[in-house]
Every structure is written in structure tokens, then in C-alpha cells.
Amino acid sequence: MNELWFDIMGAIVTVIVAFVVGITYMGLSRKITARVQNRKGPPFYQNFIDALKLASKTSAIHHGFMQHVGPAFMMITSIMSVLIIPVLRGNAWFVNLNFHGDLIFILYIMVFGPLGMALGAGQTGNPNSAIGVTRGLSQMVGFEIPWVMALVALMMQYHTTSIVDLMNVQIQSGMWLMFSSPFAFIAAVMAMLGMFRYSPFDIVGAPQELASGPMSENGGKYLFTLMSSGSIFAFAKLTLYVDLFMGGAGNLVELVIKTFALYLIPMLYGVTSPRYRTEQSIRWFWGWPTFFGFLAIIYAVVF
Amino acid sequence: MQEKKIKNKIIKRVKTNFKDARDRNDFKYNRLDFSVKKEIIPSVLFYLKDEMGFIHLSHISCVDWLEEGELEVVFILWSPEEKIKVFVRTRLDRDNPVMDNLDMIWRQANTYERELREMYGIQFTGLEAPDEFILEDWQGPPPMRRDFDTEAYSNETYFHRPGREDAEDVRETITKRSGEDIPDFAKKYSR
Amino acid sequence: MNYIILVVFLGGALLTFFAGKINNVLQDILFLASILVPASLFFAYVHAGNIFNLTLGGIHLSLGINAMSWLFALIVLGLGSMAAFYSVSFMKGKERRGYFYFNFILTIMAMTGILMSRDLVSFFIFWEIMTWSSYLMTVYNGKDVQTVGIKYFVFSAIGAYAMLMAIVVIHSINGSFMIEDLVRSFPEMPVNMQILIPVLLLTGFGVKAAIMPLHVWAPGAYSNAPMAYTSIFSGALSKMGIYGMVIVMVSLLSYVPEGYWFREVIAWMGGITAVIGTLWAIKQDDAKKLLAYSSIAQLGYIIVGIGIGTPLAMMAGLFLAVVHALFKGTLFLAVGAIERQTGTSNFREVTGLIRKMPWTFVASLISIISLAGIPPMGGFVGKWMLYESLLTSNHYLLVIVIFFSSTAAFLYCYKFLFGFFLGQEEKEWANVKEAPVLMVVPMLILSFFSFLLGTYPGIILKPIDAGMQYLGYGITQNHLWQTSVIFNTWGNQVVLQPLLYSIIAIFLFFLIFLTIKSFKQTRYVTTKDISSSGEVPKEHENLTFSVDFMQPFMRAVEPVMRRQIDKYYTGLANGLEALFDFMRKIYTGNGQTYAIYVIVFVVILLLFKDILF
Amino acid sequence: MINDKNSQKIVDFISNWARKHSIWVLGYGTGCGAIEIPPTMTSRYDAERLGIRGAATPRQADVLLITGYLTTKTLKRVIRVYEQMQDPKYVVGFGSCTINGGMYYDSYNTINVLDKYLPVDVYINGCMPRPEAVLSGFGKLQQLIGEGKANGATKYKENLEWYRANQKKVIPNWVMPEYNW
């Protein structure tokens, strides 16, 4: 029984760390965007304040049961992925469900929440929400191809589907997979641009044309849950990339440095790019990223 | 010269076909001007469109002749071939302004007619447009008629915040400050 | 016992058909009885080794059951009895109920017969009964009965002839119709026979399993049959093709060297079937058509698993076959319920039924999540095993193809749920009511099982294991499968139970948080009260987004969609017709012409005498 | 503990602080005033440094910013948007048109005094107010929120009948959903 409580405490600590780090990154991204645009920008903790304000909103509306539970579905995805992805190497607090799932499970649990959220958005009856959802799902088909190709290349090369094993491979060989499987890393990073939905791939939210798309009917506590789930999920995705390609992290400082370095890629790419149309975005992902994915698989088979 | 010839031709042909059409053309601009009775408006417009090539309806306008007790409806047509405008005017009784609906000749007439119906209260027989055009939920008299007192209506319908009465006139204040006189051309605008 | 079951089926069918003349309620009861009594007899008394022999006209017929066919019988009879309960309510007040019931029972009987057959003759007879009864159901009613019926008929005929030819060839070599003799003698056959027989048999089975070039009949036939029947048409009847393919791929081809190429080709055909089915499913606006194409795609996954043929892949294929029967059966039943309550199954017309038909929504939601392969539903376990088996057997490109198809499947999954249940609640559907209890309960039972298999796959993995051992897979797999842990040959595992508990815990926590946070100030508003630029939508204004739903995606994949296999078949048919027309011209009907033909023929013979002889 | 007055004070203080520093604005740009918003938001004046940013829909917004005159037709939409917003919510009237009608004071279809129809928390004077004035107006709003005095929504709830009577006077054909919070 004590072990169970220990596990639950560890899970709670993991989630809190993920929330804090993720939401700080979002604030930093606003700050950096502002600096690029020659503005002063909000303080880096601005997103904390936003989340707190949304949580302290006193009223909320929903259009039905699915919209009410949509954010909870989204939370399942975020928290499950942060629990299954190893946060730190060999730390007793962060061994949550690391040994209970593998890469393919992660791939599928990652779409659980967006689908539940999409159902919630669908029930609002707002046409903008449904359009945003169709765009998001279409784009997902686009970037999943290079992403899966990169993962398949890794799994083929090292004969494992476990993330922990892939981390161990990097420790034993002393070389990050980023350098030993470069093409897989390139394909995965290109897919990451779509995963984070920064410009030019922000076709789902698209505030100018879709009024924030699937979120357009969510306010107050619903938006708060979605926002915190988004920041936890962003942290989970970054940690997954660090685990797969940069050898994981031994302590939290190392983790923060590595994840932030990765986070800069989609953000800085986004600051200077206008938005794609949906089919342009899909075709972009089926162009060079998929080519690099093929190269990664050939590299994995040949070497 | 060529233009004048064409204009003369058009005037002649219209006048032979429609006996009571009066023209007041000055040949200064590239436009013609006819006044006809409201009963023959559709046939005049049909004639101008089909025979004379005035295929485009630019606008339907209205003038309120309050002193004469009449409303004047003006149809402005344009011939892309001859590059000539035609104004066709007709007068309606101000108390009971009724005339024929014309949107079977030009589809766009529908829009203008809805506007005139709301703004001047002109009834077009058989105009199919159930919704309001611009004035949603309007209850007062047609607002564009000259006997409609917009300030009184505004004061009566909407709230009035006091403090505007002792507001200074802008021009007077400026002249007072700078010590210059109001220019003659601006005097008529001052209070 | 074996043949008593079939006789009960047949007698039940006839009794049900004629009972309709007397009393409708009696007919319903007889119908249910003639499905349920043989089904319970089957599970109570029939087990492996219980063989019934019969010699008819000098041909030795044999009926019996083995572990493999017991698994498929579970699908057929389980789904069949659920669909039977549903049918009673579904057919209330419809015309030609006797016809429907008769064919329904006959199909179940034929499928049971196929699974029991131990010789090729009775196999073929039952196969034909199944084909005919399903053909009669396809033309029961519907919009374009003629084209659909002809397509199904032609393809079934092609399959049947191919199978008949294979049976004749086998008999000419073996001198016996028994399947055991075929399996025993197959490795010693000449190489050309080793290729010809599987090709012919796989053509026959491939038609029913809707494999890629032979799938064109499926969308029309699935969507035209009554939905109560389509659930077993797609859920169970197509599995007969899978059953045949399993026997051919494993019992015959795994013992000969050519088997490798067969496996690769079949697996790739399955992969391409999955992609094509998915892409076309996304385009459909009719729920029946969407599910029909989705069935083709799902059968593609199963064929991939069977084609690869490693123990894990075979297990994935069979597991997916069971799960597919569960969720696709449920979805077709749900569409039937919606069509019965609203009168249409088109996404453009029906919207916002979630508050009107909540239980149908719950069943559809669980089935759709299972179809999409998202944990914690049964579909995930099957997909997971399929990916792991493809990875461990080095089919890396096939993994990408399958993954593309299964990611694109989210698009039509969402389209199905959104189209029917979500979106604006229209006034037109304000008075729609939930389907009768007898229709809802079977759907809920089936969807509950697809939820259960996601956490406790061991329930169904045990019979699958037994079936695979019967086919000759090693006994070592027994210790590989525990109740809720699945793992691949590399040793990587997914432990399902803690994952499910975590998911439920997180969900409940946030559900409670969302509910109690400012509970008094949380309000339900109608779908008309949306933030659409400050406008109040009027009653007649339809704000639902349902036309060209997946347009951005369709634009991206447009080059692929331009090629339709249907067109090639039409071209082939036209070409053949022209050829026959030409042949017709040779026979002028004039005796003089024929005389000239004879003379020319003789002259040619004389001229080329030396070369020819 | 929760009902304790001091802890309630602390909670209020924290939430007011958060509300004050995170203001999501829904700009209702009917009149000419909307052109003053882009310079306020972009590099020159950069309102985002104060936590002010645009909101996409009424459901997410905190502040309804009405930039300029309102005709009876647009007033209907503004009321609807306001009622769709989630509590706590504030209204900022922008420009003299919203205060006393401005240069449209005698027009037959523009309302003159906004606060008879919606509870305005802060007015920004001017025709047009420059971005400095806008920022100072938002500073005043932040101050009011911090002190807990920006309670326009509560006022609206309490005097709903009076507001409704005023609104229905200019919008006789009333087809909006019930406002029940």
C-alpha cells in the first residue's frame, strides 16, 4: 500500500513539474516573440497569470456533456504521456509508468485527447470549431508520416520499442542518437514543427479566420484545463524528443536546458513565417520531411 | 459634335414614343434628363434598356420636394456603348407615394427600392423583400424625409447626457484665442 | 450433433418463413428460437473431435469442428444472435419479413456449415448457400439494387468458379475431397500445382474478404443490405474469407518454399487495401458507404496480419478479426437505429442527435475509439500486436503504409461521430427518440465487449492460441500471453491494467474538477447560443458544417483518388463486349460463308502441313 | 476554513491580482476608433507588456472594448456579445461617441449614452483617444479591478430589468436568449 502512495506522490510531482516548466516555456515564447518584433513583451510568468485568471473566472457555459468532458479527455493524453515518457534517468520520483508502455502506445495515447477534445468542440455547434478540427486532423495525418518514419528507423536499428531501452543505448554507446541517426532526427524535428502548431502550421487555431477554432466556445475553467493540459503536453513532447535523440537527462537543470534548446526550433521558425493553407501544410510534410524519413529508414537498414 | 448628334437622336426618339416626356437637357455633360409620369415609367425604362442600349441601372435616387408636396424618384441609367447617362424623373404624391416595382427589369433595383421604401416610405407594389434592409426594428416616420426632425427624435428616443448646451463653438474659440476674424467663406457655417 | 444443428437451422428457417402467414409475434419468436437454440446447442455439445460422416452418391462428406473453426463460430454465432435480437425490433412493421428472416437464418446456417466442413464438397455447398442468401439480402431493397446486385453476383461467381476449379484440380491429383488429405499431400505436389491451387483458392476467399482488386462489390452490397443484416455481412460473413485464407496461408503455404512470396504479396495487397479503403471512406457522405469502405480497410489490416504469418502477426490478425466483428457490427447496428428513427443515413441531413439518442451515441463512441485503435479499447491491442509483428519481422515500409491508413482513419471516425451526433441541434430532428430497448441493448453488449478486450485481451487470446496450435504453431506461445500484458518478440511490453486504471483515475479527477468548480455558475446553453459574430441564428439558419467535410485533406490526396479500380473493370467489360461483338460477326448465318471458312482452313492446313505436323 | 473571512480576502486578493494583470480584450470595432487599436497593440506602445491581449471569442474575453458610435443595429450585437462573456467581465467605452453621442449626437439611429444600456466600467475620452489615452484608461481599469471596484457585471445583474427596459425601448423586436446569471 505504501508503494502505491509513493507512486501516486511521484506522479503528482511529475505533473506539477511538467505544468510549471511547460507554462514557463509558453510565457518565454511570448517574450521572445515580442523581442523579435522589437517590443518589450509580457513578463515570462505572464501565462501563469493568465491560467490563474482563467481558473478564477466565476461562470462557465457548456453546450452538452461532451463539451463538459472534452478537457478531461485532453488531460488524459497529457498526463498519461508525461507519466509514460521517462522524465529523468534513474530517479526514483519520476519512474511512473515508464515500464508499462512503449513507443507505439505513446503514439496512440497522444491522439486520444485531441479526438476527445474534437468531440467536445463538435458538440458546441460552432462551425468554426468543426472546421478547426478537420484542419487539425488533416494536418496530423501529414506530420505523423515523417514522425513515424523516424521512430520506425530508430526501432529497427536498435531492435526495441521501449523508450527506456533507447535511452540506455545512448548511455552505453556514449553518443546521442541525434548524431548516430541524423536523418531520423531531421525528420522528427520537421514533424515537431507541425506538432507544436506554431506558425506556419497554426492552421487549427488561426485566430484571424477561425476565432481560435476548437476552443472558440470554451472559457473559464474549460479553457484553464485546456491551457494547463497544453503546457503539460508540450513538456511531454519535448521530453520525448530529449529522451530519444539527446540521451535523456540526469537532473532537472539538464532537462530544462535540453528541452528549451529544442523548443526554440519550432518557435523561432514560427516567428518569421506566415501561415500555410491546410493542403500546403500536408504537402510540405509529405515532401522533404518524408524524404528524410526514407533516408533514415535506409540508413537504419544499411548500417 | 458626334455626341450631341447622338443625344439629339435619343431625345427625338424618346419624345416621339412617349408624348408627355419633358426634357431639360443642357448638353453640358454627357447626360440626358427626362421627366415622365409615373404610370409610364416601366415602359420608358424598358424602351431605354432594350432599344437605346441603356443596359445598366446605376442608381435609384429620391428628392423630397416638401414645399410642392411631392417626392421625385430619379432613375439613373448608363449606356456603356455611348458613354451617356440618362436621368429619368418622376413625381409621386407625398402623402401616398406608390409606384410600380421594377426589379424584373434590373435585379439590382430590388436593393435600391428596399432602401427607398425604408428611408422615404415609398411603396413599390409587389416588392418581395420581407426583411428590413438597413433600419432594423424601425418604428418612427421615414427618416430621410425633410419634415423628420432627427434631433428631436434622437432626444426623444435615446438618452441625452447634459453638458452639451454650453459647449463652445470651435471657430469662435479659435478666433478668440488667435485674435483673427472668421473668414467670410466660413461665416455661414458658424452658429 | 453437428448435423442436427444444421437441420435445426434449416427447419427453423422454413418454419419462420411460413409462420409469417399466421402471426407476426409467433414469427419473431420462431426466428429468435431458430437462431438461439442451435447456437446454444453448438456451444453446449459441439467440441473438437466430434465428427459426423456421411456418404452421399459415392462422395464421402464429413462434418466436424476444430479449435480454429470454433473461434470463428464464436464470432458468427455471437454476433449473429445479437443481430437477431436487433432484427426483431428493426423489422417491426416492414414488408417481406419472412424473406428477411429466412435468409438471415440461412446465412448463419451456411457459415456454421462452412466452419464444420472437413471436406471440400460440403465446404463448397455451404459457401454457395452463404453467397446466395447474402445476394438475396443485398437485393432486398435499397436504391440501386440492379447495379449493386450484378456486381456482387459477378464477383461471387468469379470466386466460386475459381474455388470449384481448385477443388476439381485437387480431386484429380489426390482422388479425395478431404481437407486433411490436401494438407498432407500438398508439399509433394508439383510446383505449378503448388502455385495454381493457392491462387485459385485465394481468389475465391479474397472476394469475400474484399481484398484490393476484388473489393469493388463491397461498398454497394454492404450499404444496400438492411443494416441488421449488414452487421453480420461485414462482421461475420467477410470473416469466412479470412478463415479460408488462414487455412490456405498456414496449412498449405507454410510448408512449401513458394509460400514466402505468397505471404509478401498478400500482405502488401492487404496494406494497399487498407489505404484505399480508408481514403475512400473519408470521402463518403453516407454513413453506410463510409462504414463499408472502412470495413474494407479493416479487413486489409487483418489480411496483413495473416499474410505476414509470424505467430504474433497471426495472433494480431485473428484478434483484429474478432474485434472488428464487435465494433463494426455495433456501428452498422447504430446506423440502422439512426436510419430507423430519422429515415436517412446521410451526414448532410442528420445532425445533433447526441441528446436525442444518448445510448446509441455511447455504443458508437466506444466502437469508434476501438476502430481508431486508441487505448484502452480492444482495437488498440490488435493494432499494437500488428505493428510489433511488422517491426520484428522487418516489414518497415508496410508499417508506414499501415500507420498512414490508421492515422487517416481518425478523419472518418470523427466524421461519423460529428455527422450524426454532434453539431447544431436542428429543429427538424427535435422529436427524434432513442431506438427501442431491443435495438440498444445488443449494441451496448457488443461495445462493452470491445472495451473489455482492451484490458483483458486474454479472454479471447486463449481460444486464438488454441486455434493457432491446431494450425501447427509452436506450443511455446502459451507462456507468452498473460491476461493483461502484451509483449513482442523483442521483449518490450505494454501492461494494460495499470494504464487503464491511470486513465480512469485521471479522467475522474478532472471530471470532478470540471463539475464542482463554480458548479452553480456552470450552465447549459443550446447550440443556437454560439459566438457567431454577435448574431442570433434564426431557426431556419443551418450553421452545421457538413458539406465537403474533409475538403483540405481530400485536396492534398486528390491525385491518388482520381484512379478508381471500378473504371478499370468497366473498361475491361466494355473491351470484352467489343470482342464478343466482333466474334459475332464471324457467324454471318450464311452457308456460303461457312463453306469459305472450311475451304480456307483446309488450304491453310495444306500449306503449312510440314510446319504443323 | 473556506468560509473564513480572512482566507476569502486572501483568495480575492490573489484572483483580483491575476485578473488585473491578465486582460483579454474583445474589441468591438464598429466606429473609426478601431484604427487606434493596432498601434496600441504593436511595437510602438505594446500593450501586451501590461498583460493586455486580444481574445478571439466572447467566451474567452474579459473586457469588451467598444470603439466608437453604436447604432441601434450594432447595439443589439454588442448586448449579445456582452451577455455571452463569462464573469467577471468589464466594459470599456472608447471615444466620445460612447459617452454622449459625440458628433453623432443628433443622428436618428445612434445611441448617445452607452451606460444606459450596458454597465460601463471605464470611459476613455477623446475623439479619437490616442494610444496613450487608451493605455491610461486600461491603467484605470486595472486599478479598479485590483481594488475590486470594477463590478459592472454585478450592477447589470442587479438592475437587469432597468437595463432591459432601456434596451427594449430601442430594440423592440427582442429575440435573444434568456440572460440568467
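The chains carry the letters A, B, C and D, assigned in the order they are written, with residues numbered from 1 in each.
The rule we apply is simple: contacts are C-beta pairs under 8 Å (C-beta built on N, C-alpha and C of every residue); 3 or more make two chains touch, one makes a residue touch a chain.
No experiment lies behind these values; they were computed from the predicted model shown.
Any chain bridging chain B and chain D, meaning touching each of them, is missing here; the list is empty. Contact count check for A-D and A-C (C-beta pairs in contact): higher for A-C. With centres set at the average Cα position, the gap from chain B to chain C is 72 Å.
Computed centre separation for the pair chain A/chain C is 36 angstrom, with centres defined by C-alpha atoms.
Chain centres here are Cα averages; for chain A and chain B they lie 62 Å apart. Across the assembly, chain D contributes residues 57, 59, 76, 87, 181 that each touch 2 or more other chains. Residues of chain A in contact with at least two other chains: 57-61, 211, 216-217, 220. Inter-chain contacts, as defined above, occur between A-C, A-D, B-D, C-D. Against chain B, in their complex, chain D makes its touches with residues 72-73, 76, 99-101, 105-113, 116, 166, 169-173.
Of all the residues in chain C, the ones that touch chain A in their complex are 352, 354-355, 365, 369, 372-375, 380, 383-384, 387-388, 391, 394, 396-397, 399-400, 403-404, 407-408, 410-411, 413-414, 417-418, 422-425, 488, 490, 492-495, 498-499, 502-503, 506-507, 510-511, 513-515, 517-518, 521-532, 543-545, 549-553, 555-556.
By the touch criterion given at the top, residues 30, 34, 37-43, 46, 49-50, 52-53, 56-61, 207, 211-212, 215-220, 223 of chain A touch chain D in their complex.
Of all residues in chain C, only 521, 523, 525-526, 528-529, 531, 533-536 touch chain D in the complex they form. For chain D in complex with chain C, the touching residues are 57-59, 76-78, 80-81, 84, 87, 175-177, 180-181.
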